[in-house]
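Both complexes shown next keep subunit A, but they swap its partner, so subunit B is in the first and subunit C is in the second.
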Partner chain A sequence: MDSLVQNANPKLQLTPTQFAAIEPNAYILSQLSQRPSSNGVPTRANAREQFEFRDMTVTVGGFTHANGSSTVRIGDTSVVCGIVAEQIYTSEVPSWDVSQASVSANKRRRLASSGKTLLDNDEETDQAYDNEESRHIEDRCLLVPNVTMNTGCTPGYVPGAPPSEDEQSISNNLLGLLRSTRMIQAEDLRIWYQPPNLDAGESDSSNETQLPELKAFWVLHIDIMVMSYGGNIFDAAWTALVAALRHVTIPYAWWDVDKEIVLCSDDASKAHKLSLREMPTSCWFSVFEPQPRPASQDEVARGSLGDGWWIFADPDGYEESVCEENVWCVVSKDKNGKTRVYRAQNVGGSTVDSEVMHNLLQISAKKWEDMKSIIDEVVATGSPRAVAWKGKSYSA
Partner chain B sequence: MNDRRRVNGPAEGTRRPVFACHVDTASAPTRPQRQREPKAFRKIALETGLTRSASGSSYIEVQPSPPPASYNSLIPHSSSLKLACSVHGPKPLPRSAAFSPNLVLTTHVKYATFATRKRRAHVRDASERDLGVHLETALRGAIIADRWPKSGIDVTVTILEAEDDRWWADAPDSHDASWGMMNVLAGCITAASAALADAHIDCLDLVTGGMAALVSDDENPDAPPKLVLDVDPSEHRSIVAACVVGYMPGRDEITQLWLKGDSSNAVLEDGDKRTVHEALIDGAVTAAKSVHAVLAEVVRESILAAGQ
Partner chain C sequence: MAAPIASISDAFRADGSASYKCPVTGYRVLAAVNAPVELPARKGALKPQEATVEVSIRPGKLSPSVVEKSAESILRRMLASVILRRHAGYPRRGVVITLAVVEGEPVGRSGTYLPLMPALLHSSLLALMSAAVPLSCTFMTLFFAVTRSDEIVRDPTPAAIKDAESLHVISFSSTGRTLLDLVDGPCDLDIWATIHQQAKDIYQGAAVPGPDGDISMDEESNNAPGDIIRETVEDRLRRDYRWEFETL
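Showing the complex of A and B:
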């Protein structure tokens, strides 16, 4: 880097911080070409390897009034997520039709008679039921994720201002992902009422039991606040959201016929957790292209991908400000170890080809395994306790 | 009325869950009792420099009063203060701003939506703006503003968890005012002061928030109210009046004073010749002095850590 500066003007001396602030692109390039790590791989300006993720700390709980909450710190980024469960009555929904609940009511009755619960028959795929599941969640807007960045985390977001474009885009991506991954089962959010069988004494045929009525839904208000801005907000927000969802406790609720309201029990042993189908992991990568692109073959050869451009996993705020092209992968693995891809998206350029995309998806799948063990561990500990994860480097 | 820039919930609105023990008076729980001495404080955790992307930041947390041994309810037993403060600046004022020979201070206070028992809105409400103005008054008196002409500084406080206004099982109108705000303001002042020190803004002294209140726990309405410091409103039957000060111990100066409640008819305990107002302000100043010890220690530690 010194040589670069001296070439430009032998009399002008800049400190590395000044150089980094004035010419971020050239600074990152000079670091990449001058600082190979022990195994010969070029390292980034923040001394990380290309596919090295930052240290992470995940905590669940800690916020008294939220049904589920979490705090995630990834490097200098930290976000807080709080989930509050409220209710909506089907009687208040203008377009609500009793037949809308018929499929699940039938299924519920069938399961009740066979002695199973809805939640443990994951394998049984009932197409009509599945469609109704997602339709309830989507039509009734039962999941309400919102991201707030104007908490004073960075001067760019004015406190008190309406949501900026970035916040809107992250909130909508979170919502889209929650819907498309179908990780939340609508059954967890339903409040049923079983009308008493008044003529049970006269005829004892179990086939004539009344259909349960769907009386209300739980609505999950998911609010994520960015407390410190250090790049890669989406990964932090998604991790916080997943951890908080795992921590959510929903009280046992029933329909009180006399008062015509839903009552809840404050008994913690009757409450239930959400049974998430999946636990997808989001990985954000930035593509760094030097400006202007290196001319000599010698310089090109140093890029690990051989093309004169680099991919940074888990970019920090400084790297994000320089990189225009971003790759976003959301993956999960099913019980058989097969990778499922929920998002594979490249925005802002066309440098990444299908082979690179494949590698990035593989890296994301490896990250998923680590993420799963972290979140499982932190949820298992129960009381607010942080679980730390040392950042590490992956290879495809 | 929905804001299209946010993800909105159901158009019909949502209801808070109603717990059966609220409706059913037979199984009503018992009110928590203050276990501390009238002048004893709950434990305070204060830390600076957590928001790396800001010039200065701080986080303050007050330890909640412990629940009874056999408490196993989903309704939170107590609420305690958790708030984060960040400072940006001094930075140049926008070009459109008029010339200012002094540092222009802007303060924002916002509750997180999950900060209180009742979910808060995303848009700032009147009480949040009120807190912002009170905080600005408290800090304005401490900052040496003429050292930064043509500059601005933003102080933002995010309340992640706020104090209760009343005991959760009380009827909504049994306490007449939002007493929780008083504690929140005291916390805001202390946190903002720590964040200003972390951002190396020159101040006359570390301004500290202190809170005191006159409470009556007695069944007998004629019994004189007691003066207590660092009040958790849920632990008291009723609060007669409360006071928050922004206080600088080094200069024995009050930069901000907020009295709430009707203390005109209250009579202090025997032998106390002070007026009720004086007693309240004295109490709040004593509280601020105690908190100042914590604040000064934290700031000293952070400076020593930075020097190494």
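Showing the complex of A and C:
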């Protein structure tokens, strides 16, 4: 391709940027075949190796009015996430059934008598409690993630248009992931009222404490704004969401019997953080096929996969526009170092088979370890301070 | 295990149509395809060198929501990889696929569309063939669930889906490649690999040992879902060309 360009009339010579805009497939292919890096690995047009992720910066606590907030930059992509907690009273919930809260109320009492807190004992969670927990979060819509693309974030964005398919499916994927990871525990979002034991000392049942009543829920509105679209929005959005959730502080709230409303305390020492169960990492890969898709059954029969294909980790906007097949993995590791798959999605082509997918899941699991330490570090600093991560290359 | 029920070219107005019912999950999907059609020009949406694929899902009882949008985007990309979008007569035009979920439990907010995927994909494939849209291959879709006790169930019932830890959808093309691979829910990487091995065995027609190590001799349960596609098309062709066969 290059020789063609050089032999042409010098006045018609194309600059690399023009070449990249006109023939993106040929441009990326020529970069891959021409620029082996120091260790002989093919390099992408953006000078990264195939499985090299971009530099990342994570900041938490930028917004003073949100309960939790974060900013994530991955290369040219930047995303802001703010989480606000609002209350919903159980009296306002249509068809609220007092018995719905009975399992957790019993458990709460049992734990209170044994001197443990509800969140300490992962081992003891029985299935009924687990089911009720996820049902509360799902049925009452206690988590409301939403992704918005801002004017100017990408040339393809049309101001004033309804939310695009991208925005809608990212919002839905965030919600689905929050559901399937069961990251947030419903207990963190409950506001209880413990009725006083009025007949204490009078009857024999004085040691029997009253059953606590569930009076309200916290609803978490998770708003994610895409400030700049540089490819791989989902990874940025998910990282921002996890960092912001780790940063969320929920004030101590109690039910005031006389006023019949929930009151919040402004005492910061009484406020609590969310105790997240898991913290999986999302990794997005694009599959680059230089050959255009076949145009007839004859071409299919001849087979056009011979030209090879490449996988790009953490694709930028330019690469995303060229690649049709995408692989998305959400993984974490448990205490024993075993890889857990939360989401895997391979759609849009026929190149990636189960072996390649297995490798990509393992690469994602390696990235999880790094991501975990970054977010732990960010949250530990407390005050708004950016923690940078130098992009690096992984192998399965 | 009951075999799925499918029929092809039922609707007269659409270029192609099909209905597909999965008796285990209870989902029935009606698919209609119009292709090639002229689409209103939209900036950025159309590529001049190929056809645009559009998929819309109409849920049976609810109005379409964000959940449908995200299922649509998966289906659109999956079907676009199968349709020959550069075939003569297709560039700049559109392939419009409409899928109506006629029977079955509706998918709520934060629900997952994975249980519907086999029915949606098989009905769209039949409708695409009914509309004579050029395809690079056909495909078959397998659906698995993993229970809390790490047991793999193929074609789970709605009750099993509700209790399952994770759901898996895998599509193989007739050329032997993986077209779609979806996982929802926590599952160990080893179990993931086992499911893929099982799916490959089913696709290749090998008898898969059941949980008790026995190989099922029941003929119907060993049927690959690809068979239903071929049988439906054959039935329809035999019906349409009856006059010709009878004069032979």
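By our rule, the second predicted complex is superposed on the first by the 363 of 396 C-alpha atoms of A that agree within 3 Å, B and C clash if a C-alpha of one lies under 4 Å from a C-alpha of the other, contacts with A are read in each partner's own complex, and residues count from 1 in each chain.
In the analysis below, a contact is a pair of C-beta atoms (placed from the backbone, for glycine too) under 8 Å apart; a residue touches a chain by one contact, two chains touch by 3 or more.
Everything numeric here is computed off the predicted structure, so don't read it as measured data.
Colleague: Go through the superposed model and pick first if A:L263 touches only subunit B, second if only subunit C, both, or neither.
Modeller: After superposing on A, A:L263 lies in contact with subunit B but is clear of subunit C.
Colleague: Touching A:S95 in the superposition: subunit B (first), subunit C (second), both, neither?
Modeller: neither
Colleague: Thinking of the overlay built on chain A, is A:T151 touched by subunit B (first), by subunit C (second), by both, or by neither?
Modeller: first
Colleague: Let me test your reading of the model: by the given contact rule, A:E324 touches which partner, first (subunit B), second (subunit C), both or neither?
Modeller: second
Colleague: After the superposition on A, what does A:V80 contact: first (subunit B), second (subunit C), both or neither?
Modeller: In the superposition, A:V80 touches subunit B alone.
Colleague: Just to be sure I read the superposition right, which of the two partners does A:C141 touch: subunit B = first, subunit C = second, or both, or neither?
Modeller: Both partners, subunit B and subunit C.
Colleague: Counting only touches as set out at the top, which of subunit B and subunit C does A:N172 meet: first, second, both, neither?
Modeller: A:N172 sits against subunit B and subunit C alike.
Colleague: Identify the partner contact of A:T15: answer first if only subunit B is touched, second if only subunit C is, both if each is, neither if none is.
Modeller: Neither partner.
Colleague: Per the contact definition in the header, classify A:K338: touching subunit B only (first), subunit C only (second), both, or neither.
Modeller: second
Colleague: Where on subunit A do the contacts with subunit B and the contacts with subunit C coincide?
Modeller: Correct list for subunit A: 141, 168, 171-172, 175.
Colleague: Subunit A touches which residues of subunit B in the complex?
Modeller: 3, 5-21, 23, 50-54, 57, 64, 72-76, 78-80, 82, 84-88, 91, 108, 110, 112-117, 119, 122, 124, 154-158, 160-161
Colleague: With touch defined as at the start, can you tell me which subunit C residues reach subunit A in the complex?
Modeller: 43-44, 49-50, 66-67, 69-70, 72-74, 77-78, 80-81, 84-88, 108-110, 112, 134, 136-137, 148, 166, 173, 175, 177-190, 192-193, 196-197, 200
Colleague: Please name which positions on subunit A make contact with subunit C in the complex.
Modeller: Per the touch definition, subunit A meets subunit C at residues 127, 138, 141, 156, 158, 165-166, 168-169, 171-173, 175-176, 178-181, 278, 292-297, 300, 324-326, 331, 338-354, 357-358, 361-362, 365.
Colleague: Using the touch definition from the top, list the residues of subunit A that touch subunit B in their complex.
Modeller: Subunit A reaches subunit B through residues 63-66, 69, 76, 78, 80, 82-89, 92-94, 140-142, 144-146, 148, 150-155, 159-160, 162-163, 168, 171-172, 174-175, 219, 221, 223, 225, 227-230, 249, 251, 253, 259, 261-269, 271, 317.
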